[in-house]
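One chain, subunit A, appears in both complexes that follow, with subunit B as partner in the first and subunit C in the second.
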Partner chain A sequence: MSAALGVLLRMALRNLVVHRVKSGVVGAIMFFGVFLVVSGTAMLDSIRASMEKSITSSLSGNIQVYSSEAEDELALFGSMAMGASDIGEIDAFAPLRELLLGIDGIKAVVPMGIATATVFGGTEIDRVLNDLRVSTQAADAEGTKMRFEQLGQIVGRMRKDVALAATASSDPEKVEDNLASLDRVLAPGFYDELVADPSGTLDWLDNKVAPVAADGRMLYLRNIGTNLDTFPKSFDRFRLVEGEMVPEGQRGILLSKAFYEKQAKNYVARELDKVKKQLDQGKTIAEDKTLSELVARTATQYQRIAFQLSPVDATVVTEKLRAKLGTDGDLATLLQSFLTMDDTNFADRYAWFYAEIAPKIRLYELPVGEEITLRSFTKSGYIRAVNVKVYGSFEFSGLETSDLAGANNLVDMMTFRSLYGKMTDDQLGELAEIKAASGAKAVTRDSVEDDLFGGGGGSLETETTTTTGAGFDEFAGVKLGAAGSAGALDTTRYTTAQMEDGLALTAAVILDNPDDVPAMIETIEAAAAAKGLKVQAVDWQSSSGIVGQIVMVLQVVLYAAIFIIFLVALVIINNTMVMATMERTTEIGTMRAIGAQRPFVIVLFLVETMLLGAIAGGLGAAAGALFITWLNHVGVPAVADALVLLFAGPRLYPVFTASNLLFGMGSILAISALSTLYPSVLAARVPPVVAMQAKE
Partner chain B sequence: MKTPSKLALLAWFAVGTAGTLATLPLAPVAHAAPAAGELVKMLQTVDDRQRNSGDYKSLVYIEQKEKDKSDLVYQAVIYRRDETDKLVIMFLKPQAEAGKGYLRVDKNLFMYDPSVGRWERRTERERIGGTDSQRADFDESRLAEEYAPAFVAEEALGKYTVNHLKLTANAGFDVSYPVVELWLDKATGNTLKRQDFALSGRLMRTTYYPEWMKQFSPSKKAEVYTPKEIRIFDEVEKGNSTTIVMQSVDLNSLDDSIFTKAWLESKSR
Partner chain C sequence: MSTASPGIVRLTDVVKDYPLGKVTVHALQRVNLTIEKGEFTVIAGPSGSGKTTLLNLIGCIDVATAGEVTVDGKSTGKLTDKQLTALRLNSIGFIFQSFNLINVLDIKQNVEFPLLLQGGMTKAQRAARVDDVVDKVGLRQFASQRPNELSGGQRQRVAIARALVTRPAIVLADEPTANLDSVTGTQIIDLMRDINHADKTTFIFSTHDDKVMKRADRIVRILDGMLEAAGLSEARASGVIENGGGVHA
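Let's turn to the complex of A and B:
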């Protein structure tokens, strides 16, 4: 047996050497196919493993459980779909949590909800006027004086700008009006006016002076509501960057560090960061038009620094800028000149900006420790607003540079429920009552003109006789003041049960063994169905939304490429072997004539191709393994934001496993065998007489 | 008597047919376009009728229908002092919304929410309470001042004959929509239909005013017109619509303090 195998191998080897060109071509295809399989699957496995790490340990857990009545798929990191998605609701979280914790292998269950909100950034003058309102109401003379000085500083600079822009204005009357209002604030007796009538003066400032400044901006926040007490324990990538955790049981928000850097940072600082990033990538201000435009645009925004400096700081910065630039001028001129940077001075001025100016301005909107107003369009359509304190900022370790990972902020469950605004049955009943009392008849868009005007010809006008007297009492039966305690921050200490047991949108499930995901999904769904809970369970990849979809696309592309390569290999090997059979009929006939049976011929051909497959595939696998080892050494850079999340950091360090090698080798041997079946059967049919008929 | 020629008969028939066609309500009627001065006068009539030289208070019902969503309903009170361009909209019902409101002073629109105790400056395009209605829907009509009219055609709207006008915003006015089309009842001069367009020419909203209330105002010493009902259809988000019903109107003078931030704040304390 072994002797026969030896003969077969020797013959196969000899044939490969004799037909070296054909062997070379087929071998090269096999080599490339296996190289692709080994390196591709190793990369994909590494990406999946790193993504699993980053996603499960930052936000999703191993499994996410949400309503089976959801209209859309859960997408924790956002989806391609526009608009708000409907992922259903879990009305009562407690029964679901108890059910899940009762299943063996589940370590923790964390409630979650998603609610977007806006925060009005406001302008500097709006902020100062608000502060003035607070200090005058509190009769804080010192605070009022200080804020008033800051107001004077801002108004002084606004006046200069308005006067400067006056020549280009198409509405000189409006300019005159604005200048008169600004001059009134700068006039000596205005402080006394404010002290004498704070409310009236502040209203006048709100209406006449504040609109002269540029509009404030709206900041958008995507918030994940969760139990902030247990979140850091369940998601070990969570890291508090600044501030403190929200005190146990209290309302509060933790803002993502990425949100601060990309959205809440002072405009000038943010633009300078962008310039620095591009310069670090090798671009230059002199050669890159977009970059030079960015620098020029940033310089025009000097007011965003100037308006934020207190009178004292403005003097200090002016002096320092004079010394730094070696020129004279007022703060506005100096700042503009300072911000007009080029390749030679950017690094120095960037560092100087952060050392000397940044500490004196409000570098970030919504700073840690501040109370902010989150406003949301709720599920029911009503606008809800809630005041919360920003307790700190956070990031996920390894994902610091990922915008996707930093797209979510964290709020407590009570705040989430306020922003989500699900209506109770009583509230729905109240709406029905208001509606019934209105007497408005229902009309449809299609027939509205007929419904409203079709019966016309008569009078469109009705007479009402009530002209004098008491009129009507709009407040009869109305309960005002029930909405809240007029802006006071809710400092109630909620129990875990209060935080967790109400409405949630999903449950993040952390498993003891992450490899159990598929089996646990089945167990969870079966257990929930038995209890009558309408929920579905999905793995971390499905729940991650856009990021999970990227991996799916990568997987499909890789497998499609492998399939095509192997299909090509199959056809080429098959054709080559058919041609070889035809060329080698004499040789086969001779073998058959000296006693070789048909199975021997079949096996000979199979061994020949599989030997080639083993050699070329082995080399391909080795090359793939070497390639991955090299990548592991240098790291694959995450060039796009989504890749940071996929790679669980700025670089991916892929590894290969025995299964990648076995899969590569197994595939090529299977392809070799499959593609040789037909030619070998064809060869086996060659009769011995062919050898005798062959010409010399 | 001389028999008319075939040609004369044909001409008579043609004139008759054209005349009959011209009276059909669907086609625009071929009338001489009113002079520019007349058009401005039409707008002034619309404005003057709604203007009250004194104060104005009304109780309104606002209902917003949105596709695939439950209806949004409010009861609100509107206070207006047109003389000084002041307006307050305060929500009274449902209870969760009570005390929220808007204050317009000059060209500033502020929103107040008692649950957070804060004011926010809003834009002219603010969707009042998240509905398709805007500040201008509740405010004094200033069409003649804000827009320049052009005549489109005399048309039929249901069983009413209407003047169809196209208005373009005058420079320097902060209006919600730069182009507006109006359909004014020829008999009464009241606005029956209005369409608002974006600068791109895209139709944004269609509004109907099926009924107008007249009320004698002692301060104006004339009648003040108020739309009893306003139906707004969102033309961008098809399927969304807002209905406003004026439940009561009162033309008595109001306290000065109402038009201040402090008043709105105090109502929820």
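Let's turn to the complex of A and C:
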């Protein structure tokens, strides 16, 4: 039979050569299919490996352990369903930590909690009102007059904005109300009102006018509560960028660098950064419509700089701009024309902006060293406010530009518990004391909470939208009891036990050997079950949420592409082979007549396509391997920020494995066989009599 | 079996009908024929008379509508496709009007093909067998060429070699000279005849050419699907000829 197989191979090979065009077309599809499978699966595997590195070493650890009574799946990097996810609770972290540390192969266990909060970023009007308070208190008539003029400018702009937006508003009454308040400020007698009753008038401005500011910067923070003392040791990608670590045992927050850049930065600076980035990618303002629109829009926001400059700085900047631009005009005109940039002057003006203007404005909200008020909507239905100091900013090395990696900020466990809203008796007592002792840091705005939670959550990417009161009703039944008061800054030094032992939501587990994950998950769950702890253990892919799903999505897309190309291959091979069968009936009939059995004919056709599959597929696999090797050499740049997390850095250096090649070859051989099944059966049915009917 | 001599081929009251749309073509009508081992028989008749149909039945590549066909001692009516194929492979050699060689194989490989299907021989045994028949048909120097590099006569010699290589009990040739000029055609028939004389291989071939049919030992005439009482060629007259039943429709 091996001799017969030899002649089959010989015939198949020669048939392939004789029918070159057909072989070429089918071979090309096979080549491309296998190329896609090999390079695609190699890329996917490499991305999965690099993502695993990114995620395990930045936030998740090798394994995450959380309550088995969770309603939702853990999503450390956020999930599609924002906000309301219930991942259960670990009421007492200590027993779980002891249990986990007792298991051989576990290096470290870090407590974690997730709590979202918002923080009020302040607006130009806030600062002007603050300044007004200072100058009226100091009875500084000159200063008061100047600040009042600034206020007039801001309110004038706000009035225009509100009037413009009025037609689109769902709440005309509120618009009327806002317009009335703004008109009162712009009315001739208002300055006298302010001078007559500075404190009362300023309170009214705080409550009625400031909230109207469309620019009211409600920033959304996603916080991971953790043990800030042990976190950097267990997650080696953590890097402090600015400031200092939160002192041991103290409360504090570390804001992510990405949060500063993407959300807390001055609007104009942020937009200019965006333009710069796109120009760096090779786009031009002249040719790219979106980009030119972005530049134009940024120029209209010149007030966001103008209103931030102190009167002295305003004069300085005006002079400098006149010299730079060589034109006359007031600050507004000059800024506007300065910000109207094109491809020729952008680089120069961008640098000039950061050198001359940026140092004179508040470039970032919530700067390092400042005390901020975090507000959260707790489990128990209260809105809670917590004052906490920003000790520093951080990033995960390699993932600097990843929005997703930068989506989380880090807080201590105490602050997490306050925001989360579940406290121990001790803490509740303590909080009561604090509340009693303070009251100074009261937050003036009643409407903060409306803005906060009324806007419908928002996504990770939101430019914190300050809504004009839409969604007010959602708050109808909410107990707003302790809403506003944040209390004084808590400077207590807590012990590690106090920090760690209470409530946590998850435990991040770091393994000695990361390859042990599946076995370890079983070990952990078994050990926990034996101790009666209701927890579940998951790997990084299921714990990371949205990010883990990216791999799934990529996989689906890749497999869909592979499926389509193979389906096309299947149809084309099938059709060509059916045609070949028709063309070759005499040959088939002759073979049948002189004694070839049906299976021989079937095998002949199968061998023919599978041989082509092996040759073309082999070349495709080799090309795929070569392509991946080349990519490994040069690195695949993470052209979009979202890719940085996937690539675990600015470039991905993919590798291929034997299993990628085997999968590619296996699938093309299977497709070859499958697609030839019908034609070969058709061929086997050719009756031997056709041999007799043949005409030369 | 009604007659004393079983014959290598024996047809008893064989009918072959072809359904053709609404009508039925009676291609063979109650044919009775016995061919003895070692005979060199021609089936002679004009085009459309049923020669190919008859050879198809003898060659086990088609089955009779009625009657019995016995080949090399086996009644073919109840055999499966697989058994019929095996019978063709082991007992019958085919020579076709259009040569029907496998174009992607060279001469030697074409000749070797049936041996590969049979299996059970070593490479050396096969080579010896192939060389022997290729020599016999006088194509030694063309052994490694492809069929399309040869003339029609040469190709038909390859077909003869291929038909002989398994040493079959019967060699069937359906109008083997129809695609050849008369000189070449005569040479081919003479070659077959020489082999028949030398090896006692049974040959049954068909033709509508008078010159060709005269070279056979035995002539079986066919017309409109019925065998005629046939004269014997001058060379030999040992064949038993049974006239077809000739029942008219």
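In the analysis below, the second predicted complex is superposed on the first by the 384 of 696 C-alpha atoms of A that agree within 3 Å, B and C clash if a C-alpha of one lies under 4 Å from a C-alpha of the other, contacts with A are read in each partner's own complex, and residues count from 1 in each chain.
As a convention for this text, contacts are C-beta pairs under 8 Å (C-beta built on N, C-alpha and C of every residue); 3 or more make two chains touch, one makes a residue touch a chain.
Quick caveat: nothing in here was measured; it's all calculated off a predicted structure.
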| item | value |
| --- | --- |
| First, second, both or neither for A:F120, with subunit B first and subunit C second | first |
| Touched partner set for A:P211, first subunit B, second subunit C, both or neither | first |
| Touched partner set for A:A3, first subunit B, second subunit C, both or neither | second |
| Subunit B versus subunit C as contact partner of A:V639, first or second or both or neither | neither |
| Partner chain(s) touched by A:S199 [first = subunit B, second = subunit C, both, neither] | first |
| Which of subunit B and subunit C A:I383 touches, first, second, both or neither | first |
| Larger contact residue set on subunit A - subunit B or subunit C | B |
| Which superposed partner A:R14 touches (first subunit B, second subunit C, both, neither) | second |
| Partner chain(s) touched by A:A593 [first = subunit B, second = subunit C, both, neither] | second |
| Contacting residues of subunit B [partner subunit A, same complex] | 57, 59, 61, 63-64, 66, 69-75, 77, 92-100, 105-108, 110, 113-121, 123, 129-130, 157-160, 171-172, 185, 188, 190, 192-193, 208, 210-218, 225, 228-229, 231, 233, 238-239, 241, 243, 245, 247-252, 260-262, 265, 267-269 |
| For the subunit A and subunit C complex, residues of the former touching the latter | 1, 3-4, 6-7, 10-11, 14-15, 18, 586-587, 590-598, 600, 687-689, 691-696 |
| Sites on subunit C touched by subunit A in the complex | 52, 55-56, 59, 61-62, 81-82, 85-86, 88-90, 93-94, 96-100, 102-105, 109, 112-114, 116-119, 123, 126, 152, 162-163, 166, 174, 179 |
| Footprint of subunit B on subunit A - complex, ascending | 120, 122, 126, 130, 170-171, 174, 199-200, 203, 206-208, 210-211, 215-216, 373, 375, 377, 380-387, 423, 427-428, 430-431, 434-435, 437-440, 443, 445, 448-450, 452-457, 459-472, 474-475, 478-484, 486-488 |
